[in-house]
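Two complexes follow with chain A in common, the first pairing it with chain B and the second with chain C.
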Partner chain A sequence: MTATRRPSILLILAVALAVIWTLLPIYWMLKTAFISPSDAVGFPAPLWPTNPHFAAIHNIFGFGYTDPDGREFLPAGQAPQIINGLKNSLIVALLVTVITLLIIIPLSYAFARFEFRGKTALLMTILFSVAVPPVSTLIPFYILFVQLGLTGTKLGLVLINLTITVPFVTWMLIGYFRNLPAVEKLARLDGFTRFGTLVYIIVPLAKSGIAVAAVVAFLFSWNEFVFATQLVNGTSAATLPTAVSGFLFLQPQPGLLSASLWISVIPAALVAFFLQRHIAEMNLVDPVK
Partner chain B sequence: MCCVPLRGIIRTGTPMKPARRELSNQQFAMMLALPVILFLVATMAYPMGYAMWLSTQEIGFFGGFSSKYIGFTNYVNVLYSAEFWRSLVITIRFVFLSVLFSMLIGLGLALLMHRIKRGRAFLGTLIILPWSVSLYGAGVMWQYLSRGQSGVASAVINRLLGRSAEDSVEYSLISSAHIVDLLALGNAWNLAPLVAFFILANLSTIPVRLYDLARIDKLSAWQRFTCVTLPPLQYTLFVFTSITLILSMKLLDFIYVMSAGGPGDASATLTYRLFDLAFRRSNYGLSAAMSFYLLALIVGSTLALYFFWGRRLESEE
Partner chain C sequence: MPGIEIKNLKKSFGEFEAIREMSLTIPDGAFCVFLGPSGCGKSTTLNIVAGLDNATSGTISIAGRDVTALAPHERDIAMVFQSSLLYPHLTGLQNIQMSLRNTDTPAVEAAARIEHAIEILEIKSVLNKKPGAMSGGQRQRVAMAKAIVRKPAAFLMDEPLAALDAALRQSLRSELVALQKRLGTTTIFVTHDQVEAMTMGDIIVVMNAGAIEQVGTPDEIYNAPATKFVAGFIGSPPMNFFDGTVSQEAGEPMLSTEAGTLKIPPHLHSRIAGNGVKHALAVRPQHMQISRTAQGQSISATVFVVENLGKESVIILNDAAGKAYRVLAAPDHGYKRGESAFLVPDLDRALLFSE
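On to the complex of A and B.
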């Protein structure tokens, strides 16, 4: 055949380089969770955990830990915040995902399949809202939320996250819907109404695209930091990222910081396999042509 | 549900005249789109309108919240502020490098994944991880990686030189001269996977036959890359240059966590400056005015990219 059977040395090197580039920053931070608190602040930092140590992982969830040497490690004082943050993040992200899907499926379907007056202008509005920097809408939203009493509430955070997820994911899905076979007329012959066509035919056809949209919406909301830190930080609605930032700015504890980052990275890692298979189906390149 | 008359379609082949209970395209599309568009307009128009109002006011906090109309003074003041111009230069450098790194690394990763047959799913899973990790998480990771105390440089160099813990020397990757470059690299770490997967999808549409022809013509590897691989990728490259440009220009989370605009204000991009002005120094009016310059920069540079690159590609098609 054309290519040589055995992978060349160059290719192996390139793969190694790509893997190191990708994993080094993640590894370097996350290893700290398995290093004893005294070694974790030592200098220079160890290259890997020589004596795996599990105090941080226990402490972050509010459990004490006694290591084999008999040293005792008390639960982290911030453990309740982290656990509460985890709960809030999950609730907010799930709500945002569900609402985003309910909103964007009809919306992107309409954009992908129908010609109607004002379509281009509306599409431009959506694209424009992708381009607006969150930092410039932060102050107005903050002031509005203070007036409406929405600061420190999960509802407020859900609304804010929707303004981020809806435009981006709509843009992703429009291109996807356009690539589906034109089944509308056949569906009508079979007696489906327009709405029935969308619910019973298009949605099942578009399963994998909708799943990518759901995952992306979840990730965006799960990872949102700027709005959360201004709108809910320090309240009972604080999400995981803001709770984690306490370790960063207030009280540097590398082990606990690392352990709490583990919690926030795990969902991302879980969906990575799915994303790498399906993300490119989304046709970000020319959704409207 | 089942009362759709069939003759309309059969006879004309185009959408039939709307029967009873049947909506026109316009009505149906509007029914689907309108609620969302109202939501989006409300969530876009309100903040933008408010920011516009803020930018023409002088906001005071002594003796309660007060505001006074001062016209375009804030906009003029922005132009007279040295901080703005400094941040503008930092932003341009950051965005230029971010886009360059993201596109080059993304292209490299895509070519690599394209070459790999076995274990591509596994490699792909690793490669997309940085994109799914949050920007604040990435900020923490890169800060931890590059600082002298906890960083990888100190750990590796001291170990290679065989120094004991006592006489180890600190090597920090963070310096005011190069923090912007480092931030751009970290940003590219986060963005490149997205670029890579879309280029990869595009690569697999290039017919293998072209590569066979290239071999017959005895093209070198570099010629093969520039003459066979690159041309069909151009439009994808253009779109992702625009996307990475926009995302980099509006980036705040990563910079806020990794360098907090520092050392000093060496990495205070416009987004960070805006944030600092509003939330640390409570100068809402000036911050709002500056945010419109940033918005103009984002829209302007995207349009420029389209006119100088994208439009040419479209006319070639």
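On to the complex of A and C.
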């Protein structure tokens, strides 16, 4: 690291601009949950919730709410879908994350550290599948899943998410594994088998890279909307993004939409928050300082 | 019983012969240095002795046991790698413990050995640090501790000091030798640094292009090099070679070089391979004089560079054919770049190699 210098005014301005640019829409979206429905549709909309109002937060979880003015707000009709969507999203995202890790750790390790016949061709195949836009495989997958009876199931959604997370994260981790020091020699002298080396040495050594891979897989699956809309929307396997989209397309209610987005943002934010140390640590050139 | 025995070892990578044919016996308890330029096969040999690499043919015995077919951890060895490689995610103590994790050493015994190693290497202060937070010297000590807790029959070291700065390298050199002598464990130490080899080794194995050039004590290697390669590789500043062909003049063998003729002294007559054959007279820089006048056996040359080393100077001269020679002189020699002078080799101390 170079010597710390006082950041210049221009730098501060640039950072501030970038932060506002990114966070303002999110703020605008999230604050609406704490504004009464009448204020939310008024013009101009309030900049911040001067009179915090908690109807939407209650309604979205299926509770009624009476505000200080005595107005009554009924539970949202979609509350069961939101709760169910939250549950489904968590199940799908966790499954996708765990299965992705189980596949990609040995896969990218093998690509990074071993020489074998057909390595380049296989690597190119993986790179290619990262390059294919997911939308182009949507219709084929749909037809396939109808025939296999996988539409409307969480299993189907997990499978389809894996087709994207596995190649993408493998591609990410190969470079990371490649730059690890040659501890395999050390491990062989210490009596570890190849598999033992992977489990007891490489995985703990590479935990930052693996954590980042997990975040990427989790967030991708958590936010996945296109496939979910086609495969599970309207069924008991619907995930949170599809359930939330109902407030946008079926019955526009800004407060409820905003409250449901809180539900969708919080787990993702928590995951990112707890693993951000690893994200910052994951130095692709020199993984272990 | 020999400490390590290598018999008829060969190693090829496809067409490339990394080790052509090698047999070597290292006495029990000896500190044996493998010395050679990069790519000479010294690290490959070490890896084969360790079991990290397989030989194409040949056998390896350690402490009288044939280990050729055994995995590295079954060979009763400990290895210290280049730059003292350690597990970067583990603390010093955990790194040392790893050495005994997959052995059947009883816990009490393991703890005692680890404590002993910590004591003799004085690494108490770095036990809870990770390698990234240690200095190069501390890493080296932890790597040594990791090696000695195994109580192996042999230590194998692959340029462990190469990445350290000069001052540290010097102090660790003597420490490492003292430790090895104290433990009496047969050791192979791979290096490309001749100073390391000369100062540390009981035996030096000079390797070149996949084969052994010479095995000997530092004294033998320096004073009686077996081949021209060894003569040129050992010694700093390097050996001077007068290359030419042998002919007889008035019954006396002479060496005709491009820049002049030198009489081959009697003690080297037995080494002459024949008239008309290419030979090289080898003379160390400290056995060369520089003179302003021709005297006896001398060759005229021009001063090319003067390197002042403080207590002495290295004068590099070019002969008429442009070939460089080095002369070690007292710092008050007074010669300047571009000056004409005569090289006077002390031929009584010269060596002769035929090609």
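Criterion: the second predicted complex is superposed on the first by the 257 of 289 C-alpha atoms of A that agree within 3 Å, B and C clash if a C-alpha of one lies under 4 Å from a C-alpha of the other, contacts with A are read in each partner's own complex, and residues count from 1 in each chain.
As a convention for this text, a residue touches a chain if its C-beta (ideal position, glycine included) is under 8 Å from a C-beta of that chain, and two chains touch if they have at least 3 such contacts.
Since this is a predicted model, take the numbers as computed values, not measurements.
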Contacts of A:167 with chain B and chain C, given as first, second, both or neither: first
First (chain B), second (chain C), both or neither touched by A:104: first
Partner chain(s) touched by A:182 [first = chain B, second = chain C, both, neither]: second
In the superposition, chain B vs chain C on chain A residues touched: B
Touching partner for A:12 - first (chain B), second (chain C), both, neither: neither
Which superposed partner A:192 touches (first chain B, second chain C, both, neither): both
Contacts of A:125 with chain B and chain C, given as first, second, both or neither: first
Partner chain in contact with A:201 - chain B first, chain C second, else both or neither: second
Residues of chain A contacting chain B in one complex and chain C in the other: 185, 188-189, 191-192
Complex interface listing, chain B residues touching chain A: 1-4, 6, 9, 22-23, 25-26, 28-30, 32-33, 35-37, 39-41, 43-44, 46-48, 50-51, 54, 105, 108-109, 112, 115-116, 121, 123-138, 140-142, 144-145, 149-152, 154-156, 158-159, 165, 168, 170, 186, 189, 194, 197-198, 200-202, 211-212, 235-236, 239-240, 243, 246, 249-250, 252-253, 256-257, 271, 274-275, 278-279, 284, 287-288, 291-292, 294-295, 298-299, 302
Chain C residues touching chain A - in the complex, by the definition given at the top: 50-52, 71-73, 77-79, 81, 85-89, 98-99, 101-103, 132
Contact set on chain A toward chain B in their complex: 2, 11, 14-15, 18-19, 21-26, 28-29, 32, 42-47, 103-104, 106-107, 109-111, 114-117, 119, 122, 125-126, 128-141, 143-144, 159, 162-163, 166-167, 170, 185, 188-189, 191-196, 198, 219, 222-223, 225-226, 230, 241, 244-245, 248, 254, 257, 261, 264-265, 268-269, 271-273, 275-277, 279-281, 284-286
Residue numbers on chain A that touch chain C, as the complex places them: 181-183, 185-186, 188-192, 201, 204-205, 207, 288-289
